[in-house]
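Next up: some structures, all given as structure tokens.
In what comes next, subunit A is part of two complexes: it sits with subunit B in the first one and with subunit C in the second one.
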Partner chain A sequence: MKLTKTLLATSALTVAASGAFAESHGNMAMDMTLVSWGGAYQASQQKAYAEPYMAMKDGVSITWDESSSEAVAKLRAMNEAGNITWDLVDVEAADAIRLCDEGLAMEIDHDEVLAASPDGVDASDDFGDMIVSDCFIPQIVFSTTFGYRTDQLAEGVEAPSGACDVFDLETYPGKRALNKQPTANMEWALLCDGVEYGDVYDILETEEGQTRALAKLDTIKDQTIWWSSSAEPIQLLADGEVFMASAYNGRLFSAIVEQDQPIGMAWEWQMFDLDGWIVPEGLPEDRLARVMDFLHFATDTQRLADQAAYISYGPARESSAPLVSTHAELGIEMAPHMPTDPNNATNTFVNNYNWWADYRDDLDAKFQAWLAQ
Partner chain B sequence: MAVETQAVKRPIQFVAPVAGASGAFAGVFVGAANGSVLLGLLLGFGILATIAVVLLEVLDPGLEKTAKWVLFAAMAAAGFLLGGLPGLVVGGLFGWFFGWFIYWLGMGRYRVPLPPYLTAGQVLWHYGFRVICGSIFVFLITPILVVMPLSFNAQDFFTFTPEMLRFDPAGYSLKHYRDFFTSSEWQQALRNSLIIAPLATVLSVSFGTLAAIGLSGEHVPFRRAIMAILISPMIVPLIISAAGMYFFYSRIGLQGTLLGVVLAHAALGIPFVIITVTATLVGFDRSLTRAAANMGADPVTTFFRVQMPLILPGVISGGLFAFITSFDEVVVVIFVGSARQQTLPWQMFTGLREQISPTILAVATILVIISIALLTTVELLRRRSEKMRGLSPG
Partner chain C sequence: MTDTTQETSGPMLAADGTPLKRSLAKALRAQKLRALALIAPLLLFVLITFIAPIADMLFRSVDDSQQGTVHGTMPLTAEALKDWDSSTGELPDNAVFDAVYTDIFVAAENKLHTRVGSRLNYERTGSSSLFRKTGRGLDDIGEVYQDQFEDLDPDWDEGTPWAELMGSPDWLTSMQGWEDGQPLPPFELRDGVADLLPRTAAIYRVFADFQIEEEEKSLLDEEPWSIVHTRLYEDLRDGDFSTYAGPRADMVKAADALVDTAEFETIALKDGFEAIDEDWLDIGLWQTIKAYSTSYTAGYFLNAVDMQKTPEGVALRDENQRIYGLLFKRTMFMSMVITFSCIMLAYPVAYLLANLPMRTANLLMILVLLPFWTSLLVRTSAWKVMLQQQGVINDVLVWIGIVGDDARLVMINNQLGTIIAMTHILLPFMILPMYSVMSTIPPYYVRAAKSLGATNWTSFWRVYFPQSVPGIGAGSILVFILAIGYYITPEIVGGNTGTFISNRIAYHISSSLNWGLAAALGSILLAAVLILYWAYDRIVGIDNVKLGG
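== the complex of A and B ==
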């Protein structure tokens, strides 16, 4: 039974790759504009998906637009102007949910559009919980975690282990850098103030809970530099301007392993988050056909595993995990650098998109007002 | 002839505190670099006031040269102890400057270039004014100068590494320049910029010059209103023109096309051309066109053979401004262009946000050099035109 299923799936894949889609090649647009985040992450997508795809499909050209950070605003403007110039947009899960609710992203039947795993597991089961919205096609799991300057650590002091050490100014003096938004910071403040993870969101819903979180953040406010672009904390760490900074784990990995900076990782209470594709609503037929063809290829088990050879983000498919091996250029084992590696942290949590969807606007206002005090 | 002002030795009660104050000023920076601003301030004041007393009161005035050299060497050595090789350079500069400053002040030499009847307040203002101008100049130029050495950084961050500060060759590298010349994204952006800017310039210059000539005629109705509309892209905030262009160009299918970006940039460049050409036209003698017509030249021939050569400097400098506007522009192109029309400034903008890489600094350095070359050309042309019109001698 299982063998038949596998056989079927593989043959379907082969057909998809060679026959069926080649026939309809004529109806597909020959160029695509993909939107991503730039930097090492976009480079990993280029190497793992885009270049193999272009090598396979003769004459297809792919243009990259590094505009993911303003994807929501730009998609709104494009929708208003009736002129969608993007074909596929890489966004964080929270933005995908927002775009889906506003009708700016297309709803996808994951099993129909995406490839099954080599073992024949349907895409929706292979991605599992990662599919947080009908419009969202997950690619990677990343985490917001901490890096610290190993050379600024006082002698005899134990290395920081994670989020709570940010609040410990006595053991770890010096400037810190945190993301200029309430998400993750508010959770960390409560967790490090002694709240159990299970109670964090119940407490954060109350006025006192929010005041308590901000009061905890108050203790380090004058020692904190607030960053807004993901390249900033890495620059601040590399410069030695801060001792500790929250940052995306892939960027920290790149600074430590590829750039050889004296930075260490502190994973405890890292916040997992998802990143993936959305297809803008309202694409003309030929472009949509091309995007679907590309998506089918770029999100299959092997491609997602390949991406992990360039950057330390975990593939969103369960079936990709065993295929993750070594760094494409440095040859080091990638598994220990993945945020999902259980040896890195005992306590972690996943960005609570649904809770934040309800409270984001309110807490954003409170947080910004607190920052301005 | 002007009356000679004699240098008169100043009382030490005046010189020592002033020298001390300048020392305190320098001490603030040295102190900040070494951890304590207050200590630097106090030490700077004390050291410089003492040196002033020693140089002017204790030592024989004939020993001035030797004293300056000793101060220079001592400061350089102290700098070396504090901050290694860069400290040596900074210390040496301090020593040289303060040696000169103390004698200049103490011996009253600062009075020499000034008329003898000036009051102390006027003298203070004379030098204070120059110091203010110099500070403004430093304030404007330093950010540009800091970028240049950083672009030779061997690391991928905006950081003066310890190797760089030690002047160790290993800390420097041309890799960011190599990155710029080999990366397909940067090259595509450069190519786009080099296509868009000249095309936009040609359009701006043609339309701008015609508009300026047309509007310089006295018989044109509503001249001021038309002029105001034409130069409005320069006055309206860029983001507003950009948003307007985005929606308008989207409707007519120009958004995301090269032509769209060229037209948008041409609209931004036209005001510069109109203004510079209008300025040159003020000095243009209209009777020359009448003379040409009298001799049988039609208006087109007159324009190209008589008028154009005379207003050419204005046209060229307007064109250069239009070129730089397009070449440096980031807001409008982000709205009107799509990823295929990414220009250099766009690439730099996203690069700064998503990946702080010194490649941006390498590009910035190259652009600064290009801008300096272009502006030098403008200045030379301006001088030439002044000479031709006999406004300045020589």
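== the complex of A and C ==
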């Protein structure tokens, strides 16, 4: 009898407490699962968005999942199983378009959900062309580029300048590391095989073009280690296991500047791409409310600029750019390390994410079969 | 004499008068039930968590009727293609294009067309992009008509006039009285409209159900899909509306007159599809769609053995797409190499374990078990550190001077790496059964052999070794079966040439989401193991396998 009473009293208290709690948080879930890419990039998001948000909202806990590279497959599988466990997912632009087409990502009214700039410019104007899909909330501009071991360079040989040097085994012998997916690799293969920049996607659309790209990659297949998580190429470079590796420029930056590794950057034909958030379709109301609250905060002008103080990716908002100054811990100027800095490359490649949204499945099948052979 | 009297006097009875046989059976049944009840929790657990999911997964290797397949999402197309002979080399007729138009349009509204595209992409690369483009482009066909009707009368592009034309009066009344937050009244067609405008009514019904059930929007506010206008054009072209006097009669008659004029612009479906992508006029595409439009398919299994369905029957795939035969062979070969190297390494260790004094043997045993208790990932990553070109082994070799600094050995990201790491990881599974068999071999047999004049070798080979064979057998089965399905280690240290079929299965499960193919590959792997097990039983005899003393 006594026990029942105590139990009742406790649960009544809990109900009252949670009621008061819910009021202050407007019926929002207290836990959130964010999906990102791990490593230095995720750390920058954690410092610039998640930690200030948690400090502001008492009791909110954020769980990180490092599954962004498999986000499309996993969201498809979750949809199949009818159980969405993610709240906010960081993906590349092409994946966002794909997920939007497939009804797996939620369409968003950018002006309603996102904060305006401090000068009062609407979010949709502030982000501008970066909003490549109704489901996509842009965060950063990044590039896939090349790093090489400065200490493995033979004497008297000029340092590699960019993508095409990967295919030059004579001048630059040694292992290479490339991303285990067709994006960027196929374009570089064609480009370095003599295709004009403007024709790359037209040619890649054809059967012959795809064969040609794979044939070019065949020339270095034996010498290539294929990475699947973005921390891998940096590790391979740091260990001296490879001479050259394709990697995201922010990761290379943190290896070179923050960790002082003997690595150099080769920017020529770096591949520009966008990265941002999508909200999975079908979230329950309380979780959705929390995600929207977080998004409003995490994508405002100041937060995007803050992120650039931790990693050398360009913020997607126009109004954030003037606020980017120095590295948060080292105090160095960030601008020269940004992929958009004009000194970094004379030739740059802009990833055609719309094209990839259409052709990714086709080329994935081909590329993976080619890899397995 | 007494015997016969007993038999003729009926069955033997128990104390309560029931026949003894039945009473015994009853008692036994109760006992059986009790036993069953005891194991029921475990049995249910195994059934629900183990057998059922596996069966469900394996079933996917033949199932082709789910949402997102031709059969599940493009039913009209599947039906229409039944009459088309795929071997004639002629494109399907307009009826098929018509069915595809409706199917993909509706699928695109439901955002399912990309899944059909992905499904067909497994069989014919290029299908995924084709379906994505088509889903976006189909509006171009309907808009030809939509624009002209709208120019004639803007009402053709409004929700309410359409609802008045198509819906029954009862439904219309309840629809007009509907307020936000209430459930929407289910759509009803007006009597006679299905005869008047058969095609339009059919597609409008789909549109109406979609808006009400999926979007939960009022039909009075939603302009119909562009395909509804295409169907309206077809009905107006074919029908006679001079006597029609129902709702919106003026609108219909005016539109009918417009359609009959020479200026009215039309577009053939085939041309519309060609404008979206020329691939739609490729006979191979249609052959693929037809071949995979049944609810059950052998396609996944064919794919798993590098074959495919063609109009001429089953044929091998193109050279550059044949990978599974290669992978199966590689998996078998490498598993055998790993099993063999495990035997070679484990035998002396097990022998020592069984024959050393207890104290030393225990110490050795701990050394065997210690790595066994360490996380698999840690052990595999440790091998990475050891074997890589700037790794421990290479550094030592360079330091000693056996290999030059510029000619460091490549021992990882290839088959060698997989073999070394997996041999190490599976070694305890070989040592333990061998040890348990060897520890029961009495030492005096060897002593007896020696006292009869045998040399050390003869006494080992003729007396000791045959008695230890059951241990080798048990260890080999364990190691081989574990090796054949191994996934993590080859993934980390195998590179391209050292991966197994299981890595491919994992790829299809988690990346390409071709679960049917993954299930087919898994079924084949399971069958291969069972056949090997059966063969082993026939050759060596499973009774000769001992896992313990």
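Some points to look at:
One rule holds for everything that comes next: the second predicted complex is superposed on the first by the 342 of 373 C-alpha atoms of A that agree within 3 Å, B and C clash if a C-alpha of one lies under 4 Å from a C-alpha of the other, contacts with A are read in each partner's own complex, and residues count from 1 in each chain.
Note that in this section contacts are C-beta pairs under 8 Å (C-beta built on N, C-alpha and C of every residue); 3 or more make two chains touch, one makes a residue touch a chain.
Every value quoted in this text rests on a predicted model; they were computed, and no experiment measured them.
In the three-chain model built by superposing on subunit A, subunit B clashes with subunit C.
In the overlay built on the shared chain, the residue A:D239 is in contact with subunit B and with subunit C.
Judged by the touch definition given at the top, the superposed model places A:D362 against subunit C, while subunit B stays out of reach.
Applying the stated contact rule after C-alpha superposition, one finds that A:D65 touches subunit B and leaves subunit C untouched. Look at A:Q259: by the touch rule set out above, it reaches subunit B but stays clear of subunit C.
In the overlay built on the shared chain, the residue A:W226 is in contact with subunit C alone; subunit B does not reach it.
After overlaying the two complexes on the shared chain, residue contacts for A:G82 are found with subunit B alone; subunit C is out of touch. Once the two complexes are laid over each other on the shared chain, residue contacts for A:N27 go to neither subunit B nor subunit C. By the touch criterion stated above, A:W37 is placed in contact with subunit B alone, subunit C being left untouched.
Of the candidate stretches 401-409, 437-445 or 509-517 in subunit C, only 401-409 runs into subunit B once the two complexes are overlaid on chain A.
The residues of subunit A shared by its contacts with subunit B and with subunit C are 77, 239-240. Listed in rising order, the residues of subunit B touching subunit A in the complex are 155-159, 185, 246-247, 250-251, 255-256, 338-340, 342, 350-356. Residue ranges of subunit A in contact with subunit C, taken from their complex: 70, 73-74, 76-77, 98, 101-103, 175, 221, 225-226, 239-241, 357-362, 364-366, 368-373. Residues 110-111, 114-115, 117-118, 121-122, 125-129, 132-133, 135, 320-321, 323, 326-327, 388-390, 413, 495-496, 499, 504, 507, 510-513 of subunit C touch subunit A in their complex.
Within the complex formed with subunit B, the subunit A residues making contact are 33, 35, 37-40, 42, 63-67, 69, 77, 80-83, 85, 229-232, 234-235, 238-240, 259, 261.
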